[in-house]
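Labels run A, B, C and D following the written order; every chain starts at residue 1.
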Amino acid sequence: MTEHVATNETILVVGGGISGMTAALEAAETGKNVVLVEKNPALGGRTSQLYRYFPKLCHPTCGLEINQRRLKNNPRIRVLTLAEVTGIEGGTGNYTVSVRVKPRYVNENCTACGECAKAVSTEVADPFNYNLGTHKAAYLPSSMAYPQRYVLDPAIIGTPEADAAKAACKYGAIELDMQEETLQVKAGAVIWATGWQPYDAAKIQPYGYGRFKNVITSVEFERLADPHGPTGGKLLRPSDGKEAKNVAFIQCAGSRDENHLRHCSRICCMASLKQTHYVREKYPEDGKSTIYYIDIRAIDRFEDFYQKVQADPSVSFIKSKVARISEDEQGNPVCWGVNTEGYKRYTTPHDLVVLAVGMEPSVKGVNIPGHIVADSSGFIEADPANGAVFGAGCASNALDVNRAVQSATAAALRAIQVVNKVAKAEA
Amino acid sequence: MSANTAMAEKYRNNFLKEIEEQVEMGDWVKMCMQCGVCSGSCPTNFQSAWEHPPQELFMMIRAGKREEVLTTTSMWNCTSCYNCIVRCPRKLPITHIMHGIAEYAHRLGVAPKMQPTRFFSGLFWKNATKTGRVNELKLSMGLYFKNGFGAGVKEGMKMKDVALGLIKAKRLNPFEILGGHTCKDQKGIQAMLKKAYEIERSRKAAKTAG
Amino acid sequence: MAKHEYAFYPGCSSQKGASASNYLTSVESMCKTLDVKLTEIPDWNCCGASIGYAEAGELPRHVMNARNFALSEKNLPGQEIVATCAACWLGARETRERLTHSDTLMADTKEALKEAGLTINEMPEIRHMVEVLIEDIGFDEMKKHVKKPLEGVKIAGYVGCQTNRPFGVDGESFENPKYLDNMVEMVGATPIPEYDMKVTCCGGALAFSEPDKAQAQIKDIIESAYDHGAEMIVTPCPLCQANVEIYQGQINQKYGTKFNIPVMYYSQLMVVAYGGSAKEAALNGQLIRARRLEEIAAK
Amino acid sequence: MAETKVAAYICKGCGLGERLDTDALVKIAQKDGKVPMAKTHDFLCSADGVAMIRNDVANEGVTHIMIGACSRRAKTEAFHFPENAVARANLREGVVWIRPDTEEARETTQDMAEDYIRMGCAEVKAMAAPGGNPNTGSSKTLLVVGGGVTGMTTAIEASKTGYPVVLVEKTGALGGMAGQLWKRMPVHEPFKSPADTGVADLAAQVMGDSNIKVYLNATIAKTDGAPGRFVVQIATESGATHTEDIGAIVQASGFTTYDMNKLPELGGGKSPNVVDQLGLEALAKAAAAGDGVIRRPSDNQPVKSVVFVQCAGQRDPSGTHLAYCSGFCCNASIKQAMYFKDANPSVDTTIIYTDLRTPGNGEDFYRSAQEKGVIFTKGKVSGVQPGSNGSTVSFHDLILDDANATIADVDLVVLATGQVPNSGVDIFAVPKEGEGEPEVKPISILNLNYRQGTDVPQLKQGFTDSHFICFPYETRRTGIYTAGPVRRPMDIAQAREDATGAALKAIQALENAELGRAAHPRSGDLSFPKVRLEGCTQCKRCTVECPFGAIDEDEKRFPVFNESRCRRCGTCMGACPVRVISFENYSVNTVGAQVKAVDIPDEFSEKPRILILACENDAYPALDMAAMNRNEYSAFVRVIPIRCLGSVNTIWVTDALNAGYDGVMMMGCKSGDEYQCHFVKGSELGRVRMSKIDDTLKTLNLETERVRDLEVAITDIERVPEMINKYVEELVAIGPSPFKGF
């Protein structure tokens, strides 16, 4: 990664998750200059917070390692972290994009030695772990963090803690007077890859997320299973740290629901099928999973994964949208509902309930700077009216990783087509 | 030919269409995706199982199980708590559909005769519309005496304490039996309702014809 | 002139000598304190209630409510309609929704109304009394008038169904509405926010037609109140109040329980807190007397 | 290139200065490492430190740089010297971060650091800065095989990007399967009704594009060469063969529908009134051409009732039919039901499904169908009995739990059969016992003139999909990408997206080929395998084992390296028994020299030495992250990162054991069906090779425990240190290697 001046032959990629990184890398490896804008202090996005991928059960960090190596070796990509796009002016082949960059308070001198963290005692919520845990106010976002550079939480700026951190750094890496700045970046095309956010489970009132400690979301469950996570990879339930051996997975938590998300989020069925594997992996003896579903959407080649899980005696499937959750004296969440296959009523206690929360675009169509055509869920549509702003990955649809990467690769080509035209015109 | 057989004839093998045209909110039935949230949300279904919970009724309607649907006691268990409505991911007005199917079965005279709520429901409406306002005493008496005088006295005795309590608390007026609260313009109300029934009947007939 | 004026739709159960007459009494004294003027809609009629469905049919049901709208518009032009009864409020609001969204239904309704020499030109707002209290008066104003805080009285807020679903009070959730707890707190008593039966159905009209089914549900509602240490239950709904209060004896017989918990209206709590007499609060209207409140009222 | 001058730079930052005797390290570099120039710096990755190195390169003629600082994964921007050979001795993550900061640990920690300096110096000397593969081709033309939606989209997108395209279609017209559809499912708000397929428009664009050369009624007779320099022979109907110079290839050979005649129990082939989805599209097209009424084939009467049977011959675990779900069929049946409802709402349309699969906005399409009166029934169809006036569909109604549900007098039954990929010859197919030749012999699509077979390897169920979730375009034939339903079951929308992505990858491949650069996953790598043919014994291991089919054989059975097909994994190098294959910056020597550079204490020292060969993609990062989390492990191990387990040459292991190492740990990625090796077969081949090492151990009469093959994932930050420490204990128990001190 190096600094190069952005021109209208540059491709600007918004979002440094797997889609944004892919789009940036594919474009750069085809010889184009790219500016990659990420709002978090490190690249990786949503997938870097997953423990395993379906259907291979391999680890997202493995692909992230490869992509980061591609990035480190490629001088054509300029990465801006803690940066957000606030405006897009101009048109196809000639955009000026305003990028607001928040202060990191740490410069490139940082060697990630960790002395600043030792000097700081303030703990702040750890968003990488969906706030299930905390970390120091001087922190490396994760072991895979790229750039591998510490961050100071604004909470301690102006406090003695910050001075202590500065004093602890031998390399002059800490700059407490860093200010927020807004850059104007020229670009011929923009790839919008801001990805997705989990639907706010608290809005699904009958499930009592927020009221019942042992009702959590599928993304939080990923962190529990991950060795890098707050429990060091143990499936312990939040209320009392008890081992969660009897786990319920509730599908369509927000999705396929006109009171919440109208669309099907596509990934949740596979994600829950995958997560039953976590339960079995951690508790081979007496782990037990129950999936409450409307339709199991193990689409195309994923079907065999579904068939494998179906064959597993520790997993049971109940065709039912759980009506409500209550809590019993032991703090077990109790699922109430009717199995619609032959009308069987149930009120079943579990150790832990995992809500397979739906996907919504992190930036809804209407909130994207510029006039972008999006569907009713806020996903960017492919539309000539969008000029050279191309949606990629989950900003364009509810996609699994594989499809998101395809989408990002396609978006890269569309952007390249534009900057090639610009180059031709200028030649 | 009874109203029921007439309708059965008319809609032969398309019970769904019959429901859509003849039942209030019936055109929503096709929108159900069988998630079962209504059945799971229904309080009486958990206190004392419905023969067929809402989502199953919807499926039975699509499957043309006319007889079973119209004669079941199920809908009559609805307490109008509206849990199903607020939770349905397809926004089906389930409470109203339940009432609608019940009303239709009642209209066709195939609803279970002895279903107490069916009886009370009719009784309530007659009571309320007779004078424009509900006469709670007559309402309860009417309910207790539905199975004749003897049964009525027995029922009434069961409720003796409750009744006396209410009277003592001035929340039940024994003299209501002699009239009680009424609206002034009863003539107007009757005429208005008569018209309303006419219109509704003709609208439904129109659909049948169409 | 009063601070707030509304067209009032008391509903059948609130009439003199009817099952919720104590509700009306307490509401009247409450409104006096808060300077709210309720003018009864002349010759109003029954809303039909949800239970009327077997005979009501669609149009007649809406016509009944529409008649009240018409009367209100004619006699109390420009005033919002306020109901104290959950069923009346819901019935009227449903009619309002349906008529606004269906021109046919509107036309048919007007045609029927003609027979009673009435018509509707504009749809009135239909408010429940608790909406008026929370949105128009506000907790701060309500609190100002508290003279005798109901200190140490632990009260389970039982919201029930029809003031809560499908419309509910703005900003409240269907599963865990908080306004009733807030009102309990406002009058100086101790709420029980974790009371988990607050929106469970009392069985509604089935209490009459199929008592066994309804009473099974009522039992849970009362049991949970006791489990949470409540010494009384408060509700905004006449049918809830009646069902939960008057069958306790029968439930005790059937299940061998020893239920004897007073079930009050929010308006009764407020009147007592506002320094009103037991009579003004219609405490004599309880089958199960609320001794604690009577004591406070007597002070 | 100027003569070699090696310099060693040792950083004192990040606690290295405090925890290690860096002056001793400098001496080691000079004495044992034999480097003429060795320096320390307090903060080597700082601008000043980097400037010092640059200056030595510019003014002191330094060509080879040995950096003793942090992991090669850290500070890559600072230590970026593309012109030079660079080795990194990992003193931070590799030494001080995994060792306790105690007096008693100090000596062993220092030993460790000194060895890494020795290894770094030895390695860098054996390296050269890679110059790039000279054997390049410069064709910028894309070959697209298949003229369906996928192929046409690829061609159009590539042309739009400025690259000429040759499109080969075996039939007489463009359009493929989509060309047979009346309409497609909508791809824009409001997702309520069927939309135009857009096929005619695509075909027109292709035909009107002077940059796209179209061969109809044509097939690929032969494909020779490599990315950038493919030579493709195209056979046409006339019998004439045309030769095209091609840079990269996109195979969009599409699918055929599953043969419904294999489903007699569902009425397949039993009645003209039982059709598959394509059959219905034909009826709909005919209707559209006429009065718009879809008629039943048997008697041309208007269809009044139709039943759609989902998953017909699909999602079948028994192995009789397709095991997978084709993904598009639910939406397709919904669309087709709308054909009827939109024309005449009184037609009864029922879709019988087990799981309705309408992802994304398909949910709106589903709702729209319900609004239009399409009836959805969750059930399993057990049979379709065609009769004189209509068929009877028997099914198990799963909601009403009625095993004997039926729908009678059905005018038309539509079987939603799935997609079967046209992926050519399965080059790895092993004919099953007893079975002779399959009834229809698969016809090759590409006719690759490759040592390893004529077509692209298949992944599962005949699809040529990538095995990698993060990298959907990974085929095992560099510069050849497959797209559309041949790769994975998909609908039109996804096929078009896929086609566009494939076009980019193909363009990228031919551009890289011209620059002599590697493709993914070592994209940009300029090193490439060099072979000393005079030493070659024609054993064929490299040609057989190369996971990417990069190596052919000449008539004298010598290996022919096609560098631009190569992915630089080094599997050939690992396979070669006579060690004649090497890369400029990665060879038997670069690793071997490191193995030998380690100072082996005598058997009385109680300081065992264990060699760890760690895959640079997963195991090495795992060790780094273990260090970042300060998970300590034994000071007796010496870690060497390798490109892939497949590149491990057994000589390294035997050398190590001969040199007196007490044990060797090999850390590679998961192999087998769910392999996680980035070079597909690399780790598997490496393991097969190592499984044979036991014989060698016996001949040396050493315990088999002395070589340990381990599967390591990148998340094993807790597990790896534990494994290391356990292994060290085991070896201590066994006792020192008898080969010490020789």
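The working rule: a residue touches a chain if its C-beta (ideal position, glycine included) is under 8 Å from a C-beta of that chain, and two chains touch if they have at least 3 such contacts.
This structure is a prediction, so every number in the text was calculated from the model and none was measured.
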item: Most central chain, Cα average position; value: A
item: Selected pair, greater C-beta contact count between B-D and B-C; value: B-C
item: Centroid-based (C-alpha) most distant chain relative to chain B; value: D
item: Interchain centroid distance [CA atoms averaged], chain B/chain C, Å; value: 23
item: Chain centre separation (chain C, chain D; CA means) in Å; value: 66
item: Between chain D and chain B, distance of the C-alpha-averaged centres to the nearest whole Å; value: 64
item: Approximate Å spacing (C-alpha centroids) for the pair chain A, chain C; value: 47
item: Per-residue overlap in chain B, given as positions that touch at least 2 other chains; value: 33-34, 55-56, 83, 86, 90
item: Per-residue overlap in chain C, given as positions that touch at least 2 other chains; value: 174
item: Set of chain A residues in contact with two or more other chains; value: 206, 256, 319, 324, 340, 343
item: Interchain contacts, given as pairs of chains that touch; value: A-B, A-C, A-D, B-C, B-D
item: Footprint of chain A on chain C - complex, ascending; value: 173-176, 196
item: List of chain D residues in touch with chain A within their complex; value: 13-15, 43, 45-46, 70, 73-77, 157, 160-162, 187-191, 315, 317, 323-327, 355-364, 378, 398-401, 460-461, 463, 465, 467-473, 488-490, 494, 497-498, 500-501, 503-505, 507-508, 511-512, 520-521, 523-524, 617-618, 621, 625, 628-629, 670, 674, 676, 678, 713-718
item: Of all residues in chain B, those that touch chain C in their complex; value: 24, 43-44, 47-48, 77, 79-83, 85-86, 95, 99-100, 102-103, 106, 111, 116-122, 124-126, 128-129, 132-134, 136, 139-140, 143, 158, 161-162, 165-166, 168-173, 176, 180-181, 183-185, 188-189, 191-197, 199-200, 203
item: Residue ranges of chain C in contact with chain B within the complex; value: 12-13, 15-22, 43-46, 48-60, 63-64, 67, 104, 108-109, 111-118, 161-162, 165-166, 174, 200-201, 203-206, 208-210, 212-214, 216-217, 246-247, 249-250, 284-287
item: In the complex, chain A residues that touch chain B; value: 206, 252, 256-260, 294, 319-324, 336-340, 343, 345, 347
